[in-house]
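Two complexes come next, and they have one chain in common, subunit A, joined by subunit B in the first and subunit C in the second.
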Partner chain A sequence: MKQTPWWVLAIVVFTLFPLVVTNPFWTTIAIFTLIYMGCATSWNMFSGYSGYVSLGTAIFYGCGAYTMALISIHSHMPGGAEQFLLVPVGGLVSMVIAVPLGAVALRVRRHTFVVITIAFFFVFQLAAINANFTGGPAGLSLQLIGWQGNSYNTPFYYVALAILVFAVVLSALVRRSRFGLQLLAIRDDEDRALGLGVKVKAVKLTGYTLSAFTVGMMGALYAMFLGQIYPQFVFDPVFDVTVALMAFLGGFGTLLGPLVGGLILESSQQWLTATYSNGSLYLILFGALFLVVVLFMPQGIVVKVKDMWMKRSLKASDDSSIPTPATVTGGAK
Partner chain B sequence: MNSSALIHAIIDGVLTGSVYALMATGLTLVFGVMDIINLAQGILVILGAYLSYTLSVHFGVDLFVGLIFTIPTLFVVGVVIERLFVARLKGPERTAMSILVTYAISLVIEGILNEVYSINQVQLQAWYVNRSFLIFGIYLPYIYLLGFILAAVLLGSLYFMLYRTRFGASIRASLSDQTAAALVGIDTKRVATICFGIGVAVTAAGGMIYGATNAFNASTSYDLISRLLTIIVLGGMGSLGGALVAGILMVMIGDVVAVVWSPIWSSMSFFVVLVIVLSLRPQGLFGKQSARVA
Partner chain C sequence: MTTLLEAKDVSRAFGGLKALAGCSLNVERGSITGLIGPNGSGKTTLFNVITGYIKADSGSVTFDGKDITNARPNAVFALGIGRTFQMTRIFSRISVVENMLVATQRDESWLRGLTRSKSSKSELDNAMEWLDFVGLARLANLQAGSLSYGQRKLLELAYVLVADPDVILLDEPAGGVNLTLINEIGERIRTLNKSGKTFLIVEHNMEFVMNLCDTVTVMHQGRNLVTGQPEEVRANPLVLDAYLGGGDDDDEEVIEEMTNG
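Coming up: the complex of A and B.
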């Protein structure tokens, strides 16, 4: 019996979801979950494969969001489906911004890289709060979109899903390519990779820039979805860490990991914040859960579950299929 | 722009900067000895500030006297965190994992602090917080001077311990090479635990001064930790002297920019300086050339 691949099932389930569940409360949670799954996948495509943990992902998210807001406001674009055309533009702008950032940040090794990305992040956040063209702390309002009722969320859902699929396909292609192998080689031993002829600087910069694209698109979609952006929410330090956490939770450097991590984390987070207004209780629960996961399954849920599955099936097949040394020697006599 | 404002910026840089340097020293010590980035340092500073707040408001204990209680308490907190969580981290992704674990710890502490103290900002009060003295034509609250003296005394004793005692020698040995230190018979696990304890204990003093000079609540920790991290990177990660210089430099640059240009951009200026320095000197001002990272 041939098994259906997991991704076919996943796409079917995700495509059917808004047809079955029409309540905007749930579809809104679903849209945010898709956005975060996409960002986590994209983060993982660079940080997970290369081992360079970036905590400045929100830079690209915010730049995408501001690109969407600024262009649609200044070009007097009517609110509606045309705005979706700006989503890839948001991604491209983020990519362009990623090039000089990466060129500076990637001059240093991993531990320092983490801190530099944090520093960059604060530069962008402060700039967005203080500059004039960004509307300052009051943020920007986009044109109202006239879609009505329960179907308002549906287009956003499918666009988010499309970007997510794009991110996963890109991540899978990178993982299987020569370029992906080079990133993994950098993660395992950068000096050795350099010695073996990998152009580490170019490879790292390309990976960093590529990963900015999807995040920028998701940011643009976010701005359009909410219709209002504030600098402290699009450039949010919690976003930086959440995205990294999702990848670690699911499985750092695996294809499936950030998807699983994003699905679990963002949906539960959205649900918890929507259900319980007590933010601090939620922080304690979230932090504690996070600690348990990191300490007891440091390789991530996906790897852990796979391991357990392998062990179980090994045990089950122990008596029959795998020949024990005794039977082998017995047969030779 | 006038010269008295510039003098003020420089004085403030030295006085306030030394407090930042103290808090950053704890962070850089932990990184140097253990390869652990302690993102919880920011919230632990706030915890220290809140402990002083409780002591002074509910028990009427003077802020500086209260340190006799808060410093050992935070030392114990640090040791417990290290034993329970940080020591369990192993493997090649240890440093990356440490960022996540300490971030999780900081979320839990943030949640608890929000529950206990609410999210309204508070500031520590004492006579030396409200009264000022005249220096170079500027009025400066006494707390700035007292904070500087406290930071200087604590940093001095820390340096004395590191450079003049046997235990300090074993810490410095672990700083320069953990494996070699273990080979010559140093109990590196014990050194790591105590270092983490010391690294956290300094936040009690830092937090008290911070809380007396700034209004704070639990979410102030994000601003704090980003500053502390940039200080240790600018100084060179693992370099104690670097943390000292960079801490003072950071506050001074921020103040000078606020005077010369605009206060709006002062908090951003330091990050910009960091980026410029790092593009010229990736290992930071006083960092060692990064060796093979396997």
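Coming up: the complex of A and C.
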């Protein structure tokens, strides 16, 4: 019996969604959810695989957003579909910025690395608030896009979906490549990997830079979608934490984990905020959810479900041969 | 026989402690060389200097005529020096066979790793062959963290071998391993040695060292004390002094072992 792979089902569902649900209330939530799922996947592609937990992801999100805003404003682009061309440019700019940041931050490990990424993040936030070309605290306004009513969201939705698919495919390819194996080896024992010929510096920096690309694209899309950016919202410390938490919730280092985490967290956050017009209600939900995860499934939802499913099928088949456990965190596909 | 690996007057201090104080060592091509000495005599530090994990304060290390003093660990490995660690180090969250594949790209450019899959058919076959050689083939798809201590030792040996190094540095291959497995590891080393691999072995199990090695070097307080055939070394009074001088209970047992067998 051949099963339809999960990703085919997911793509069909996500593609059909805006055709079935046309209410902008829901499609707006969906766009934010896709953006966060993409960022979490991309974050996980470096931090999840290599174990280098970065809390400065918003740097790349913000740089992508400002790239979109600054270029479209200064080149007097009329608001419309051609702005989408700036989305990959936002990604590229973020990548370029990631190179020197990574070269410095990746010299240290674990907690020190985390702290350095946070420090870098605040440097960027402060720069955006205080510089002239960023418009300071007032931010930047992009050209108005003349799309009307319910169809305004649709192009954004599909572009976000396309970037998300790109992020997932990239993450899957990395996981299957020699490069991905080297990242996983670095996570388990960096010095040992070095002693087995892995060029750890180059591998880490490549991973860090690649993961900045997708996040930058999502940031650019965000700026275009809202038409207005403020430094404190595109360089948002909560973004740093949220993206990491999504991956931890779903399954750190797994392909599916950040998708599941992003889907659950971002959609519920958007819905709660919109429904109860209370900006911080979701924080209570987040707190409760994380307690549950830390207590009962510290490796994340995906790994837990997989293990349970495997135990059940093992019992059912009553197989006496050696089971192949889910290669937890590392190998789960 | 010619010298393959040579350390000359290597010194290294940690703060006020001279872990290595002008230590020299020769490893001849095709030999099994043993390195013994009381705890803290600098054996592992010497390993770390040779393989690039620790920088030497002075002295030089040459491999096959090339100066490799203070080269990076990945460069040392790429030249053909593989090592295992005293505290066994494997990649615990990836599978056993993936552990084997980490070392396959001995001298591949990092960019190549991006564009190729984890392993080619021949690399995978080669990895499985070595796993079979150490008797772990049936566990290939298991997560490496679930292996027992002895199995980890074997895996560490296997994934070093997969890259086909010329000389292999083993740091206590028999430590904490049961007798049957010790003999098995000894057998494997002998087989590999016959096929042309050179070994440098640090070990506290005297029986293991004396049976296996062609040449033994004794280290004491960061220096090489005596070098010679196992029998010569065993009979040398300087060696006994070195072990007794340590005043450690463990060391006395070692001497007993040395003198008896």
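Going forward, the second predicted complex is superposed on the first by the 313 of 333 C-alpha atoms of A that agree within 3 Å, B and C clash if a C-alpha of one lies under 4 Å from a C-alpha of the other, contacts with A are read in each partner's own complex, and residues count from 1 in each chain.
Please note the rule applied: contacts are C-beta pairs under 8 Å (C-beta built on N, C-alpha and C of every residue); 3 or more make two chains touch, one makes a residue touch a chain.
Please read all numbers here as calculations on a predicted model, not as lab measurements.
Asks: Of the partners subunit B and subunit C, which touch A:Ser94 in the superposed model: first, second, both, neither?
Replies: neither
Asks: After the superposition on A, what does A:Gly180 contact: first (subunit B), second (subunit C), both or neither?
Replies: In the superposition, A:Gly180 touches subunit C alone.
Asks: Compare subunit B and subunit C by how many residues of subunit A each one touches, and report the one with more.
Replies: After superposing on chain A, more of subunit A is contacted by B.
Asks: Going by the contact rule set out at the top, does A:Ala127 touch subunit B (first), subunit C (second), both, or neither?
Replies: A:Ala127: touches subunit B, not subunit C.
Asks: Please indicate which partner A:Val115 is in contact with in the superposed arrangement: first for subunit B, second for subunit C, both, or neither.
Replies: Touch partner of A:Val115: subunit B, not subunit C.
Asks: Look at A:Gly195 in the shared chain and tell me whether it touches subunit B only, subunit C only, both, or neither; answer first, second, both or neither.
Replies: Only subunit C; A:Gly195 stays clear of subunit B.
Asks: Looking at A:Phe290, would you say it contacts subunit B, subunit C, both, or neither? Reply first, second, both or neither.
Replies: A:Phe290 contacts subunit B only, not subunit C.
Asks: If you stack the two complexes on chain A, which partner ends up touching A:Val203: first (subunit B), second (subunit C), both, or neither?
Replies: Touch partner of A:Val203: subunit C, not subunit B.
Asks: Shared contact residues on subunit A, subunit B side and subunit C side combined as an intersection?
Replies: Of subunit A, residues 189, 191 contact subunit B in one complex and subunit C in the other.
Asks: Please name which positions on subunit A make contact with subunit C in the complex.
Replies: Within the complex, subunit A touches subunit C at residues 176-182, 184-185, 187-189, 191-200, 202-203, 206, 253, 322, 324-325, 327-331.
Asks: Using the touch rule from the top, collect the residues of subunit A that touch subunit B in their complex.
Replies: Touching subunit B from subunit A are residues 51, 53, 55, 104, 107-112, 114-116, 118-120, 122-123, 126-127, 130, 189-191, 237, 241, 244-245, 248, 252, 279-288, 290-291, 294-295, 298.
Asks: Taking the touch rule as given, give the residues of subunit C at its contact with subunit A in the complex, in rising order.
Replies: Spelled out, the residues of subunit C in touch with subunit A are 51-53, 72-74, 76-78, 83, 85, 89-95, 98, 101-103, 105-108, 110, 112-119, 138-139, 141-143, 146, 159-160, 163.
Asks: Quick check: in the complex, which residue numbers of subunit B touch subunit A?
Replies: Going by the criterion above, the answer is residues 31, 35, 37, 85, 88-89, 91, 93, 95-97, 99-101, 103-108, 110-112, 114-115, 222, 226, 229-230, 232-233, 237, 264-265, 267-268, 271-272, 274-275, 278-279, 282-284, 290, 292-294.
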